[in-house]
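Heads up, the next two complexes both have chain A, just with different partners, chain B and then chain C.
And then the complex of A and B:
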């Protein structure tokens, strides 16, 4: 009995309830003020005719968006946690190695460069499909991930790799800047919109692919619990315990990079969740054990993404705010709050 | 002259004065066949590509006047540096279809065919007004909405915009006609679904260079299949590349209007051949 009511279980149960609550709220609340009963009738399968807008709004729009937020939030949170542990740096986040910059570059090539080459506004002309965007972002992100992994084999320590990653991000950013400089304003606007992130890009039929990729990455991360805990103790200590530090680091890097790549491909660059959630989870659960931290950041990351998505689409405005702006607006104060409370940021307790 | 805005070419071609144009912009995007030939033959020079002015070419050419689209700061700084005479051309701010057309009178004055341009404008205005009063008689006004979403935002024409006015004149009800904006504004996709989910028609204009149909629309975003206009195959489509819509449309709004009337109320105009817009075939 004592075991069940320990603080960790209470926190886990509370987090789970919060997640459930926010998930439901995302289905019931949106820019359009749908009556509570109508949403309930749709969800319980009692509205089946195509005539009602509610069924389309809830099933085709809010549901995939809500699931996307959960997948994106949990994946980014796990990726952020892995990066912070890998670099033993509280400021590390999924974008630190230039992987999301790589995704931006892929999308910039598709939206900004290819349009000029064939003489057409890519978006205004409608030849850029959602699948094309996802594909371009994923190619860009995995190309950078490949480059980073290759450098990881050559470079002797992880800090050099971090610097190399930041440099790659600069190069990708500069190439994006050049592409932006020489592009039509319609394409530029599309690129800016993509860069603001959105959880509504993934349709129901694409959702399984997104979920499969993301769950694979998270499962891989769960297999790394023990080596991750040892990494926190320092490379020398981990090596003494018989861990192949280099191999573990590369493995962690590839998992985090893959999760970042897939989320950026499907939702655009979503800032801050990956940075803020691990701090939030460490603060709530008071642990540095990845066996608990990984499930914790999955719950907290999903909830934070759902909360941000809810804020972005509050009723009464007809329009929605860009997700990327909302995550930063909410994420930044959270990190400050943690620092103020703890007077310090930890990657390990 | 340097006619940097594509909407300036149509009137000059129609008035048979295109020879006054020595420079244009963004030649990669020109849809008009004659203008494309002139650029290819080198009789007209491309003075700006990818949003950047080629100021040196402009200064070598020394046009008597530069007609340009103002940006938010007014005159774009590179153009200011040339010190050449300039006329700002904010024709796209006109929300009245004929108001946009009327800019041709200035082109008439500049190219020495002032009288002809007034006559041409009057004939277009008369035809537009005839069609408008024809459509005003309809008793049932179909509901129409426009454009597509991108990255979670759906920009729709404002209620006081050019498109909104043409929809109204063509005998339709534009979903967002109550809106007070003259420019396009973004809405959440579910707002569009709630307000336009069961609208009768959906208008899309873009410069596609290949097959474009209902399957392509759905592949861009699955949510589009939730619209009644999509399911009923009532998408009014304009391929602006093939029809040179963005170049010639402002010059000939009566043709835009006629296309729409022929879709909304086919009995009003019989035997109409679509110029810019037509129903996308299933």
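And then the complex of A and C:
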């Protein structure tokens, strides 16, 4: 604390600046070319007439999308960090326990199964709203989370739970496959679109709910800093240092699962942010202390999501690219880079 | 009358899903300042006994009385102030530094957010210095040798500042000078800090040279407590290992 100019504060300040920069860029840059002054006038509240295309684009699309990216990126990054600590496994990510597969299944049931059952195209006939999709995904995800939590009480160790979670993901995937096979073309297309992920599903009216849920989850994670650090020592050492390991593990699981559920409900499946960001943050801050890592992944996760969102709708393209594809394209090389760097730095063999 | 610091009464240990207890009921006592070596063949229940004594698993029957309190009635927080452990596993997280691990030994003493105060920092530095690892404080755990890692975990247990320290095979994977050095460290801690130190080991030679008392578990599932000299003079060792054809020919100093 005595010295403000230490590597940690420099990195934190740099991360803040980067986040601010990307946030601004997301508001000013997009598929539609709007003049800089025009966007600025909208944001500073000097344009109020609803007829202007700028106000429509900025307030209805860019602003909610940018905020959604920040919330989704930080939530997924925190969820990924918790999962990696919980399973003491660098490959764990928010989707590892089948929670996002549960969301897919929920959406599949709504779009594909119910459509076939009542013999109507769910999307074309317009009886499925964005709200319905969010609801279905959230119910599917929390159902899996409930199942996992119940199994966690029965199974004696966390590795068995990990295997059970991966199996649940397979079962959900298989059920989705069956639903797809029997569904109608238009419904299937809607389902595939949902699966590509998007930061533009959340309108300004829905944003407060999304933000509230996500902030609640992140605050809960921040309350777990001490037990999370102890989990890094291994279960035996953690128990000996006075925590109830099983209870802590269940708390961590529910927090990470809830964050994953809410993001998948609002933005669809978004891959690799939850896996890559904790690695990135650990490498930047060179620490495993959750007191620093949680704030760090919040910043890095938001920035990475904003960066991906920017790439997805660069000017010059007629349409925007699917977010899930962009996060994978950017996230996977980051994970590889981290591993290569690690080997270079640390193995003497 | 003063009660012994650690009393084990009719204790039977093992895992509930297995039919037979690993060791027949144990009755033994121990005092602060003693360095006790737990020896026995593989699978004889050494680790299980250590885990039971540290409260990680519960006993099948019997009582463990620590400082006049029954172990089952001590909360897990209070237990963390009484017993510290060094296990055979060690943390593998990539950016975990030696200093961070030793600092976690202070967690029972610090507040909700886990921030160490000045006196906790001093204690951490002092424990690293006692274990001879001050020069490693900024190094990552994954970069350490087995001996350095072992000393880090001992420094962590020391930082926990408990009257009892339990160590599961601390001398495994160390070279001979390393084993001896570790035994000297444990002996010093027992004498100077007045700790009751119980450790399991297969390194009979260094164990018999340095331990005050030997707890022997073996083929008949009984636990015998005696001084190294009396165990060597008797025929206990080959008998307990169920190997009448083997002879031990080392001498005590």
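Here, the second predicted complex is superposed on the first by the 341 of 349 C-alpha atoms of A that agree within 3 Å, B and C clash if a C-alpha of one lies under 4 Å from a C-alpha of the other, contacts with A are read in each partner's own complex, and residues count from 1 in each chain.
Here is the rule we go by: a residue touches a chain if its C-beta (ideal position, glycine included) is under 8 Å from a C-beta of that chain, and two chains touch if they have at least 3 such contacts.
What you see is a predicted model, and the numbers here were worked out from it, not measured in a lab.
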item: Fit-or-clash call for chain B and chain C when the two complexes are aligned on chain A; value: fit
item: First, second, both or neither for A:170, with chain B first and chain C second; value: neither
item: Contacts of A:16 with chain B and chain C, given as first, second, both or neither; value: neither
item: Partner chain(s) touched by A:240 [first = chain B, second = chain C, both, neither]; value: second
item: Partner chain(s) touched by A:229 [first = chain B, second = chain C, both, neither]; value: second
item: Dominant contact partner of chain A by residue count, chain C or chain B; value: B
item: Once both complexes are placed on the shared chain, angle at chain A toward chain B and chain C, C-alpha, multiple of 10 degrees; value: 150
item: Partner chain in contact with A:209 - chain B first, chain C second, else both or neither; value: neither
item: Partner chain in contact with A:289 - chain B first, chain C second, else both or neither; value: second
item: First, second, both or neither for A:90, with chain B first and chain C second; value: second
item: Partner chain(s) touched by A:150 [first = chain B, second = chain C, both, neither]; value: neither
item: Superposition-derived minimum Cα distance between chain C and chain B (Å); value: 39
item: Contact residues common to both interfaces of chain A (with chain B and with chain C); value: none
item: Chain A-facing residues of chain C, complex; value: 51, 54-56, 76-77, 79-81, 83-85, 87, 89-96, 100-101, 104-105, 107-108, 112-115, 140, 142-143, 156, 160
item: In the complex with chain C, residue positions of chain A that touch it; value: 88, 90, 225-226, 229-230, 232-234, 236-237, 239-244, 282, 286-289, 291, 342, 346
item: Touching residues (chain side chain A, partner chain B) in the complex; value: 30-32, 34, 50-51, 53, 56-57, 60-62, 116, 118-121, 123-127, 129-131, 181-185, 188, 190, 193-194, 196-201, 203-206, 268, 313, 317-320, 322-323
item: Of all residues in chain B, those that touch chain A in their complex; value: 26, 28-29, 49-52, 148, 150-153, 185-191, 193-194, 197-198, 204, 206-210, 212, 216, 219-223, 225-226, 231, 241
